[in-house]
Structures are given as structure tokens and as C-alpha cells.
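Below is one structure, written out as C-alpha cells; the observations come after it.
So that you can tell them apart, the chains are marked A, B, C, D, E and F in the order they are listed, and the count of residues begins at 1 in each.
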Amino acid sequence: MKLVTAIIKPFKLEEVRQALTDLGFQGMTVSEVKGYGRQKGHTEIYRGAEYAVNFLPKVKIEVAVQTTDVTRAVEAIVTAAKTGQIGDGKIFVTAIEHTVRIRTGETDDTAL
Amino acid sequence: MKLVTAIIKPFKLEEVRQALTDLGFQGMTVSEVKGYGRQKGHTEIYRGAEYAVNFLPKVKIEVAVQTTDVTRAVEAIVTAAKTGQIGDGKIFVTAIEHTVRIRTGETDDTAL
Amino acid sequence: MKLVTAIIKPFKLEEVRQALTDLGFQGMTVSEVKGYGRQKGHTEIYRGAEYAVNFLPKVKIEVAVQTTDVTRAVEAIVTAAKTGQIGDGKIFVTAIEHTVRIRTGETDDTAL
Amino acid sequence: MTRDRDSSGVKTALATAALMLAGALPAFADAPVPNKGDTSWMLISSALVLLMTVPGLALFYGGLVRSKNMLSILMQVFYTVCIVSVIWVLYGYSITFTEGTSFNSIIGGFTNTFLKAVKVDSTVGTFSNGVVIPEYAYVAFQMTFAAITPALIVGAFAERIKFSALALFIPLWVTFVYFPIAHMVWYWAGPDAITDAAKAVTAAGTDAAKVAVAQAALDVVNANAGMVFKWGAIDFAGGTVVHINAGIAGLIGAMMIGKRVGFGKESMAPHSLTMTMIGASLLWVGWFGFNAGSALEANGVAALAMVNTFVATAAAALAWMIAENVEKGRPSLLGMVSGAVAGLVAVTPAAGYAGPAGSIVLGLMAGFVCFSFCSTVKNKFGYDDALDVFGVHCVGGILGAIMTGVLVNPKFGGQGIFNYETGKVDDFEMMKQVIIQCKAVGMTLLWSGLGSIILYKLVDILIGLRSTVDEEREGLDITDHGERAYNY
Amino acid sequence: MTRDRDSSGVKTALATAALMLAGALPAFADAPVPNKGDTSWMLISSALVLLMTVPGLALFYGGLVRSKNMLSILMQVFYTVCIVSVIWVLYGYSITFTEGTSFNSIIGGFTNTFLKAVKVDSTVGTFSNGVVIPEYAYVAFQMTFAAITPALIVGAFAERIKFSALALFIPLWVTFVYFPIAHMVWYWAGPDAITDAAKAVTAAGTDAAKVAVAQAALDVVNANAGMVFKWGAIDFAGGTVVHINAGIAGLIGAMMIGKRVGFGKESMAPHSLTMTMIGASLLWVGWFGFNAGSALEANGVAALAMVNTFVATAAAALAWMIAENVEKGRPSLLGMVSGAVAGLVAVTPAAGYAGPAGSIVLGLMAGFVCFSFCSTVKNKFGYDDALDVFGVHCVGGILGAIMTGVLVNPKFGGQGIFNYETGKVDDFEMMKQVIIQCKAVGMTLLWSGLGSIILYKLVDILIGLRSTVDEEREGLDITDHGERAYNY
Amino acid sequence: MTRDRDSSGVKTALATAALMLAGALPAFADAPVPNKGDTSWMLISSALVLLMTVPGLALFYGGLVRSKNMLSILMQVFYTVCIVSVIWVLYGYSITFTEGTSFNSIIGGFTNTFLKAVKVDSTVGTFSNGVVIPEYAYVAFQMTFAAITPALIVGAFAERIKFSALALFIPLWVTFVYFPIAHMVWYWAGPDAITDAAKAVTAAGTDAAKVAVAQAALDVVNANAGMVFKWGAIDFAGGTVVHINAGIAGLIGAMMIGKRVGFGKESMAPHSLTMTMIGASLLWVGWFGFNAGSALEANGVAALAMVNTFVATAAAALAWMIAENVEKGRPSLLGMVSGAVAGLVAVTPAAGYAGPAGSIVLGLMAGFVCFSFCSTVKNKFGYDDALDVFGVHCVGGILGAIMTGVLVNPKFGGQGIFNYETGKVDDFEMMKQVIIQCKAVGMTLLWSGLGSIILYKLVDILIGLRSTVDEEREGLDITDHGERAYNY
């Protein structure tokens, strides 16, 4: 099993979710994060005080998939999340050694 | 070393923390996430506008443990987090290659 | 490629970001988390009701780096994030199998 | 449009002069007209009491619950204001402030339903002879009291009652508990009726027959009042009617509905003490309308009530802060504002009777007593009065109601009790007054306590009081109202 | 310092007495002086209307947008209040409430720019013969109306207009749309001018020549009024001038600026219903100043307007709640407070004319009608009036304006319409009045509709109305103002 | 109960008439009675000033700090209101507004501690001959001024002072700095005493001996006033007493306590500009009580003060917005509301003296000057006045105090300065008045500056002013109060 982690623009979340659901992926975890890559932040001024805001709001999605599904999942995310402008985000794929569904105690592929 | 990542129902956090502490696990990181699996969201209506809320609030806990402790940790979490209803969550185990305790510079198992 | 994950004190974020930027690392993802390790929480009392707050606010930073850069990145983080007091945090290094830059579709090292 | 009705029909300067004198001292004329300064003050006081309730009370309470139940609290308070104010116009004002039939000691009559007897130039007396205000202003002012009282209750069983249950409970409670108690404590014939009747007795001179007739008439006037009023209990702005009444109803609700899921185990820390602080502040500001407005005139008594409301609150906040600092090591904002509310509650019955120094003492007592209650006594009993409605409103209200009997004492800088028959302040018998005050407290606890038990039971049978465990876990905002308070 | 101007020059007790009589019934004297109760009420009413606007309206709207646009809404409302109040002093008050030249039926004159003709002892008449208030108090009160009306509009095109476009649109709109409509509906010669002229006609007796002269004079007085006023339309506190006016301008803006990016696809859930609830509550509290203050006196009519404003609001909130419960299965807080605002809007033109029972009926109607509109009708048309400015303010305003013609009927507990010539309430012809009301509504829709189209177009040509897609995605707070609302 | 005290003892229509005349023009009678319109206005004005402070000021400040220090700010403001209002009753009112002994030019006496000399029918004079208000109303009104002034200071050293240090500093500061300055600027014998004494001089005619005696008596009356008052400085609602006073104390505190940890390096962006906007709006609304209430009557001057307070604020907000737009490219909400507060501050001393056009000019100046100060000048000096207490309150206050000497000029539409001896407005010598105003500013800066230095030092020695670095990092909410503001 692999964990596909994608950091995307917040307003793309809904499209990505839809794309994954359409392919039959049944679960996902989302968190609000901030980050920067090529795309940098901006400056905010509050009365006299200037602050550099280096981080932009992003959404991190994590989808655990069977190893054989990784490519489909990644492609679906790329297609749905792309605007073609900097800040579109990144995808990281990492290995999951073991999975458990808490409710049933099922493990690994059957737990996905 | 392994990282045990569990996505659980928010109100189970306290019990899970207690269970792990009782087993002698001394550290944990928690984040607020949203997600769905078998358990789906609901619809919200604000005046005339309807919005599908596909994500439910969950808590993600991450515990870095020695490889030999993985099973104990996973079992403790499953026991504490289970309600038997959908939405109880998932556990993923991944490999950590290297650990550092920032304060002391200790590394790997001694850093846990 | 490796993912360097560090859990640090919130007010150290700026220094860590600066240190990594100075070394030429061009991207980072940050999330607000809560956690405990050696450093424990405190008690809050709201009128008659006492609640143990076991988790302290921390910041989690994730930096995907080329395998050869891991040591430099970890050292930079340790140096910048250290106050010498408990609660300074932890660093975990894990393996990334695959990376994609969504905007361009570039993969792996070129995507970092 | 009859906007100038108060001047129409007056045709000469002389008549005008007469009317004006009448306006100032109507004992000398037939139809006192309202002083516009009083009217202005009563209108703004009504607005202030609404401000206390929404958003004031709603925020004070709302900030203390978990964010998943924020809207449910706001909704419950807002709904309460709406349903009660409509009922007030339909029949509430009538059965509270209109002379009833056989049970007039307990409840008024139905002759003024839909406010059918109220016109733009109708007036009601104040506490001064010959001073009146527009009846609509009185209707509005008292409406706000009827609205806030049941709204106070919802804090006790916050985070677990079904909205539909509350929606039924509130109109029942206000009808069978609030209106009777308000009638019992506040309904009377008014100053002029008593003074005129008393004068007739004097005028009767030595003619025994005439005196007997006049005395009988006076007795009738005096008898035309609520039971507790007739006992001689004093309650300037609603210590019994509002706070003890709501406080005991809350406690009973909290016990009958049961503890919140996870109570004592999970953290139920307030989701926004900022909101609670805003709420407490607006309660304070609005309470000036509540207390000083209860003078029904813009006069020195109203100003005194304002000063008292200011300093009792301040003193109670400081007392709670100090107590908490001593006992817990750190003074909290929540403690301070809780103390402020306790002070506001305690000074309510005393506002126009006590002196400022007495009010400071009362405030200090309220702060210490309510602190002890909420942080120690309550935990011993283990019931889940989520937002301390009992510990602040009932306990503070009882303290205030009883201490009013002490602080009204002119010896302690109080105003004494004015006797409309003799036209002067009575000699003050403190023990007697304190006992009367205790009786009024007891009566309120009893009526509201028993009435509430019956009504909760009834609602429970009809539609069930409590949300399911799953709903409670998910939060009432989603399950009862289909919304979330925050989407940052 | 001339603080005692109203007493200076009076040198004897007799003169004083005369002055006082004059103060009460100035028809008998030259210079009526303000009653301080009225002044007090007008001052606080002005403060209440500001409270409605900032923070009230700003929060009501702000809570409903996404957090990335929160500051933009707050800023737009705050800016509107600032720019309009300065304009009001510069020329707004003058062209609204000063007699104009040839176009006096439509717009006033420039003789009072910079308030140059207003002094501390200047007064203006109310709706009662011989009753006046300080002109500065009237300036302040009407200033708040001019400020809130354009602020209502911004909800319609929230989350997408460029701030610079708004900054230009508001002064244009208030000048070319609001001031004329306010003048047309509210400008008149005042009660004393009419009554005096009418008396002169009577005094002329049977001498035809004299009568003709007197009648001509009376006609001149009557002609010195805004067009809609002369039709006989009644609008107690601004159903047409404020709500229909702003509502239609909002709709047109929403359509001309276009839908928000992602409208109908992405979730645009309110970021803080807590703020919306605070806003709605402050609207309610402040609206007492708006409606009851429109009596211009602290009298029974003001008190009636307050009661009506209370219960129409409550009834409308309950109606929306019930409708939503029936149709969607769950009553929401947002629904309830939307209903409350709909009720406030609907009762605005009727506040001092209807009776309380009539106001409850009006409130219920407003709740149901506006609910249907916002949850069904609107979706059929598919325009993006982001915060339902049209569905609540225009629809509710039209309902209220027309129903005022019904509920003012003394048969339905209304106050009737006072005739200053005859000195009594006219016999009431309901159909006639309803038709007049409809004409006033139509006129407002037309003037404001056409005027707004032209002004939006103009602004679009000059600087462009709309933010870019990227700016809209990022949120106007950052792109227009360089700030974020929250940094928790 | 003595609620009808103001009518008791009056037994005939004639006596009544006399009393009423007295009420209106008490120079002709012994005991002026308050006009209820004035009383109503003073009561509501007091409530408005509390609204300014809690929640107004608390939120304005609170929104600007980081969320970890939110409660600490709210607590500091709330505590300040509580402790000061208790002290006010204990001895503050007495030493501020009671005639003192040898140092009467600087501080009053102890004869009215515990308000022991104040009764429900006690009255105090206003600024008009023969017009009085209930003394309790005056006590309440001035209490709110005493409470808000030290609360303004806390913004300067926000996020780093120890609560215990503040808890000690506030009562010391209000006692040794505020009460003396308020006494020096505002304490005087009142209009009637002066006018009566002046009349006696006139009445003495040509008899030199008699004149000398009468003149001596007049001199005594005139001498019975605070030092700054005697210089002839005018300060309508507290430019010196409140704003300059608090502003300089804040600056000194900020410097003595030192910069926040991380100042200039870490982001200290406001945690909720929404709260700041609510606070600013409530400041504006409440400030009407502050400024227009300072007329002490519900008259044309109060109305003028309200209009001025409205438009100066609006103009200053626009000025800041424009300046920011020019200099930074984007107008921010924080800028706009900061400008509004600057305008409120600047118009405070001028509110009842300037004309509306003059107030707009003053507002524009305030917006530009305070903007420049806060965004440029301040950064050059590098001190950490966290919430710009100095840059807004002291700088705006100085501007306003001095410009009051210009704008009061009748030539510029001002009201001039009334002379109670001659009974008319004096010929106006502008330069002279400006110099006097500058002296008053200097005196305030000196007294408050030196006094504050001593008191901070004292507190520092006794318990230490500043939190530890770790506490500051963690946030004062947890370390000082054991709570967190938000648990979403």
C-alpha cells in the first residue's frame, strides 16, 4: 500500500475529491496547511508594522491506496488540481507498511 | 523505528492518549483533519444555498515508536478508539529512517 | 528523496524557515499541531471545571529534499530550532518514493 | 395619525397651563400626561434589555459551550425572545398586569388580550404620585423582562436539550410560571389609587360611617395586588421574578435532563471566552436599562439604581477575582466576568433601595458566595448545570433578595420603604422585612420549582427532552439546525 | 459658549411662564423650544441607528461571507458610513431637507450647504403641532439614515466588487438616488405651517376674496413638499426610501457585476454565523432608534412603534423558522435571524401606523414571503444576490409599504392618517391608500432601478466594477486591503 | 422609598407652578429640580461610555494582539473598569469634585467619601444657569470617564505586563494622576454661583465698599476651581484629561517596560481585525455618550456635539484611508478604523465648541497627522507602543486640544466662550486661547509624565512590571490567567 500525499490549492479540493471518488477511491484525509515552493508569499502592513507572510494557505490531502492504484490516483490528482500557475502544488508517494481499520480490525489491503 | 498514524473520532482522543501513556509511550503529535471513508458527510443549507459537506472532522495522531513496540501501540489504539460504528478510523504504519531530538541532538531509538 | 518532518516550537518557525532558505531549500509545508513528549501540558480551570490540557501547540514542518541533502537540512533545523529546553521537538526522516510537481508534471528530484 | 393627541382638545393657554401642572403633579387634575423625559428613558431602557438578551446573554452563554453547540445556544435564546414577545402581546401582558377575577392574588385577567385596551395615549402609573408613562412603553419594557427570564434558563441544560423540546417548554413555562410570579410580585393598583383612597379616609374626618366606607374602599385598593406584593416584599427589578425563578427552573432542568455525555471526563472548555466577555459586558450595559429602568422614571432613583448597578457589579467581579487568585493561584477572565454577572444579579432587587456603599458590600458578598458555590459546592453535588445558571442566578438572586431587606434600611444608607397611605417613608423594621423577603424567596422557589418539574415532565412525555448520544457527540448545531457556526 | 441660549433673554418669571407654555404648545407663541425628553430620545435614536450600521449591519453581512472577504465587507460598510456622513454635512442635508427651486418636488436646494444655516438653537418641527426638536438632532438622525441605506446595498455584490469601484459608486448613488427619493417621500412644510395656513382659511370666514387668498397660501404650503409625499403616500421610517431603494439597487448590482467565481459549485458557507447573529441582534436593537425614533418625539407613538418593531420582528423570525422546519426539516439560526430582519424591514413603513396585532400579522407574512423568495424563487432566476439584499430588503419592503396602507386602517387597530388641515384623523379609504402606496413603491423601484443602472455602468467604464478571478480566489481582504481578518 | 421626593411637600397648584418655574429657570427660585429629559440623557450617556470601554475598547485592543494574549487584554480593561468604579465611590468622586482645602487648585477634599453627602434628590449644576441634574447621574457619568482613561493606557504595553503589576498600577495611577488632572481641568463652582456673585457685584451699584465686598465674593467663587480651569483652558469632553493623559502614560509605560520579545522580528499581526472593527464601532457609538453627554443636558449643544463627533470621525477615517492608499497602495480596514479613533480623540475637546465644518477639517487633520505618526515617526524612534496609544490618543489629543482654541472661534463657525459673569459670549482672542490650550497640554504631559514614571518605578520595585520571556512566549492568557481565549 502507498500513501499518496498531495499539497494543492484550497479551491481545488472539491474537484480533486470528485476525481478520486469517480475512480472509486473511498477514503481521504484532508488538512489545512501553509507552505511555499516557487510561489512566495506577500507583505502585510498593520498600521506601521510590516510583516512578511511567507506561507500561503494550501490543503494537504492524503489517500492510502493499493500499490497498483498509485499511478491512477496520482494522475487523477494532477489532472484535477492543475491550473498551470505556480503554487499548484506537489505530490509525494510514500510506503505504508501496515494498515488497520479500527472498527473491524481488518488489516492491510482489505482495510483500505 | 515506525510511525504509527491513526485517524480517529475527535472525542476518542483522550482515551487513546490515556491508553498509550499507560503503555509507557511518551510522545505524540496530534492534528485536526477532516476526512471520509465509508462514513460520508451531510448537507448544509444556508438560506437558499445548499452545500454538500463531504468531510467529517477527525483527529490524526502520530506516534513514533520503536519497531518492536508497533503491535502494542496499534492494539492499544484500536481498543481505545473503537465504537463499532462507521467512521471509527484507520491506522497506517510507516517506516522512520532517522530520528533526532532537537534539544539534545540524540538520534534514533534514544531520541524517541 | 526524503521527507524531513520536524515538530518544533511555534515561535521558532521563522528562524527555521530562514535557515533552510539560506541553504537553498525552496519549499516547505507547515501545519499547526499539538503534542507532548517530555514536556507535559498544564491544567485549565473554567469556573468549577478543571481540564487537563495534555497537548501543547507545536508546528510541524515538512521538507522534501534530495537524499544527499538530508543531513544538511536536519542540521539546519536542529540549530535553528534549539532553545535547549524541553519541548524543543523532534525530527523524523522518512523515504519518499515518488514526487510530482503538479503544475509541470515533472517528477522525482526535478520536482523538488 | 394621532401623534399630537396629547395636545389636541386643549384650546387655551389657561387650559394648557392646567394640563401642564397636571402633567407634573397629576393628583391635582384628571389626566396626568407622560413626561417625555420619562418616556425617553423607558424606551431606551427597553432597548437596553433587549441588548442584554440578544446578543448579550446569548453570547455570554454561547462563548461557554463547545463550538459544535454554539448555534444551538444562540438559537435557543433568540427563539425565546421571539416566542415570548409574541405571547406577551397575545395574552401575557393581560394576565400579568390586568386585574384578574377570583385568583387576582395569583394571576391577572383576560380583558387586555391582544393589547386591545391599550391606545397611544393610554398611560400607566409609576412609583410617584401623579407621574405616568405611555402604556405602550410599559408594555415594551415589561415584555423584555418576560423575554429574558426564560432565556436565562437555557444555560443550565445547554449542549443536550432537543430544540423541539425547548420550543415547547418555553411558552409553557412563561405562561404557567413566569406570568403568575410576575403578577404576584409586581401587580398593584398603583400609587395614585392608594394615595387617593387614603386621602379619602383622612377626609372622612371623624364621621365613623364615612370612615368605614372610605377605609373599605382603601382596603379594596390595597387588596388589588399580587400576593407577594401584599406581603410587603420588595424587589426593585426582579431578584425573585427573574433570577431566582429562572435559576431554580434551570437547576431542575439540568437534573431532569441529566449530565452531558462525557461530563467530568472530556474537556468541555469554553470555545470562545472572547464571546463570553462581550456577552458579559453587554449584560452590564443593558442591565442599566433593566435596573435603572425599573424606576419607571428618569429621576434620582433611577440614577441611584445606575450607580448601584455599576459598583455592585464591579465589587463582585473583584471579589471573584480575589477569591480565585487566593484559591487557584490565578485570576481568570471567566472568573471576573462571572463575578460581574453575580453582582448584577444580586443588586437587581436592591438597585433602587440600597445606597452605593451598601451595594459595594452586597457585590463583594455576591462575588464570594457565588464563587464558592460554583467552584466548590456544586462539584460536591455533581449535577451538570452547564453554565451555572443556578449557582449565579439563583444563589445570587437569593442573596440579593434577602440582603435587600437589610440594605433598604435608611440606617445603612438605604432609601427605606415609602408608604403611599401616609405619604412618607415608614419606620423601618429590619427583621420583619428580612423575613418577608425570605417568604418571597421561598414562594418563588416553590412555585417555579414545582411548576418546572411538571412542565419538563410533560414535555418529556410529549416529545422527549433529550438529544441522542450520537447527536450530542456530533453537536446540536448540525443535528438540530443543520448548520455550523464557523467555517474559517 | 452659548449653552444656555434657550434661557438667555428671558428676564422675568412671567416671560418664563410664557416661554414654557410656548414650549409645550407653541401654536400660541412665536418660538417653540425643544422638549428635552424629545431631544434626549432623538440623540439616542441616532446613536442606535449608527449601532445598527456599524457594527450591526457590517457583522450581519460579514458573518455570511467567506473569511477571506470578511474585512472587505466590514470596510465597505464602514467606508459608506464615513463618506456619506461627510457628504451629508457638505450638501446632502441641504438638497434633501431644504426647499428647492423649480424641481422642489424632486430635489431640494443648496441654501444650507455646510449646514451654514443651522445653529445650536435652530429647531425643526416634528409631526405634532408646536413641537420641535433641535435641528442638529434632526441632522444627526437623518444622517444615519442616509448612511445605512447605501450600506445595505453592498451585500448584494459581496465578495467580488473592487473596493475602488465601490468607493466611487457610493457617493454617486447617495447623491443621485438616495437624496432625491428621501426628498420626494419625506420633505414637507411641517405641521405648523399647514395648520396655521388652514386656520387662516377658516378665519377668513365668508369673505370670498380673503378665503381665496388664504386658500392660495395654504396651497403653496401644501405644494412645498416632495412628490411622493404629495401623493399622500405614508412611510413611517423608510420602507420605500431605505429598503426598496437599497434592495433594487442591490439586485441590479448583483446582476451587472455577475456571479461570484465558483457560484453554485464551491461551498460558500458563512464563515461565522456567530457574527451574523450578533449583527442581526444589533440590527434589532438599533432599529428601535430607526423606527421609534422616526416619531421624532418621545411619546406614545414612539412607544407604539417600538412595540410594533418588537413583535413584527419576533413574528417574522418565528414564521421563517416554521417554514424552514416544514420545508427543510430543520430550523436554522440563519433562517431565524433572516426572518427577524425581514420582519424589521416590513414593519419599518408601518411602525407608527399599525397596531401591535396588525404588526404580528405583518411579521408573519414577511417571514413566509421572504423565506419563499430566498429559498425558492431566487434559485429559479439564478442571479447571485450574495446576501439576499433583494429578497429581504426589497421584497420585505414592498410587502411592508403596501400593507401599511391596510394596517393603518383604524378598523384593523391602526392609527389612521392625521389631517393637519382639519386637525383630526381622516376617514380612511383603504383601497385608495393601498393604490397610493403601490405608486410610491413603483416610483422608488423605477428611480432607483434606472439610476443604479446608469451609475454602475458609469463606474464600470471609469474604473471597472469587478475584481479579477485571481483576486477573487485569493480573497478581497488580501488583494484590496492587504490584511487578513484572522490570525489565530 | 422616596421615589416621589421631588414632588412631596408641594401642596398647592401655585406652589407647584413656582417649583416648575424654578425647574426651568432656577435663578428665580431656591431649588432647581432636574429636567427629566436631561436626566434621561445623562443616564444613557453613562451607559454608552461603559459600552465604549467594555466591550468597545477591550475589543478594539484585543483584536490587535496575538490570540495568546487576548484574554489578558480583555481582563486588564475589565479589571480597570471594576477597580476604578469602586474607588470612585470610595474617594475618587470626592477628591475630584468636592472643594478641597489648601491645594484646591490641584485636588479636592475628602468630605464626600463613600458618596456620603449624595442623596437621591441631590443635584449638580450643568453649564446653563439654573439647570441641574441629579447628582447620582453626574457621579455615574464621571465614573465612566475615570474608568476608561486608565483603560486606554493598557494598549501601550500590551502582551508583556504582569497582571499583578497592572492590578497595582491602575489604582495608583488613577489616584495620583487622573483625579488631580480631572480636578484641575473640570472642577469649578458652577454657573449659578458665578452668575449670582456677578449679579451681586452689579447690584452693589456705585457704592465702592459694597462693590469691593461683592467683588471679593465673586473672586472667591472664581478661585474655587481647578488650576487649569482657572487659566481659561477649555476641554469639552476630555482631550487633556482623558487622551493626552492616558497617551503619555502609555508611552512611558511602553518604554519603561521595554519591547515585546521578538518585536520587529516575529509577526505580531492582529489576531482578529473583526474584533477590532467591532471595538472601533462601539467606541464610535459610545463616544456620543462621552462627547454629547458632556453637555450635561439634552439640548442643542449636545446635538451639535453629536454631529461633530459623527463627522470628525468620518473625516479622519477617510483621511487615514486616503493617506494609506497613497503611501502603501492599499487602504486597510485597520487604517480606516484607526483613523476613526483618531478623529474621535481629536474632536473630544472640541465637540461642543466647534462647528460641523470645522470638525470635518479637524478630522481630516487628525487622520493625516496620526497616520504619519504611527506609520513613520514612530518607527524612527523604535519604541514598542504596541497598540499606538501614544500615536493615536496623545498625538490626536494634543492636536484636538490646541485646535479647539482655533475652532471655538465664532468666525470659524464655533460657539465662542460663554462668560457667566457677563451672561454672554466673550469677544474671542484666538492666539490667547491657543496659548492657554498649549499650557493645558503641557501641564497634562508634565503631570502625567512625571507621575507615571514614579508610579511605574514604584510598581517595578514592589512586584516587577514584566513577565518573563517564557511567559511572554507562552502567552499571558495561560500564564497569568490559566485560560485560553479560543477552543474551536
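Please note the rule applied: a residue touches a chain if its C-beta (ideal position, glycine included) is under 8 Å from a C-beta of that chain, and two chains touch if they have at least 3 such contacts.
Owing to the predicted nature of the structure, the values given are computational and were not obtained by experimental measurement.
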If a chain touches chain D and chain E alike, it appears here: B, F
Neighbouring chains shared between chain D and chain F, ordered by label: C, E
Minimum number of chain-to-chain contact steps, chain C to chain E: 2
Chain F against chain E, contact positions shared by both copies (same if over half, else different): different
Which of C-F and C-D has more C-beta pairs touching across its chains: C-D
For chain A placed onto chain B, the superposition rotation in degrees, Cα atoms, nearest 5: 120
Option in B-D, C-D or B-E whose residue-number contact pairs overlap C-F by over half: B-D
Mean-CA-position distance for chain F and chain A (Å): 55
Distance from the mean Cα position of chain C to that of chain B, given in whole angstrom: 17
Per-residue multi-chain contacts in chain D, two or more chains: 17, 20, 35-38, 40-41, 44, 267, 269-270, 272, 278, 298, 328, 332, 334, 482-484, 486, 488
Of all residues in chain B, the ones touching two or more other chains: 31, 44-46, 94-95
Set of all touching chain pairs, with the criterion as stated earlier: A-B, A-C, A-E, A-F, B-C, B-D, B-E, C-D, C-F, D-E, D-F, E-F
Residue ranges of chain D in contact with chain B within the complex: 262, 265-267, 473, 478, 482-484
Contacting residues of chain B [partner chain D, same complex]: 11, 14, 42-46
Chain C partner contacts - residues on chain A that touch it in the complex: 2, 6-8, 31-38, 54-55, 58, 60, 70, 74, 77-78, 81-95
Contacting residues of chain E [partner chain D, same complex]: 17, 20-21, 24-25, 28, 35-38, 40-41, 44, 48, 66-67, 126-131, 191, 267, 269-274, 277-278, 280-282, 284-285, 288-289, 292, 295, 297-304, 306-307, 310-311, 313-315, 317-318, 321, 328-334, 336-337, 340, 352-353, 355-357, 360, 415-418, 423-425, 486, 488
Interfacial residue positions of chain F with respect to chain A in the complex: 64, 267-270, 328, 332, 334-335, 338, 374-376, 378-379, 388
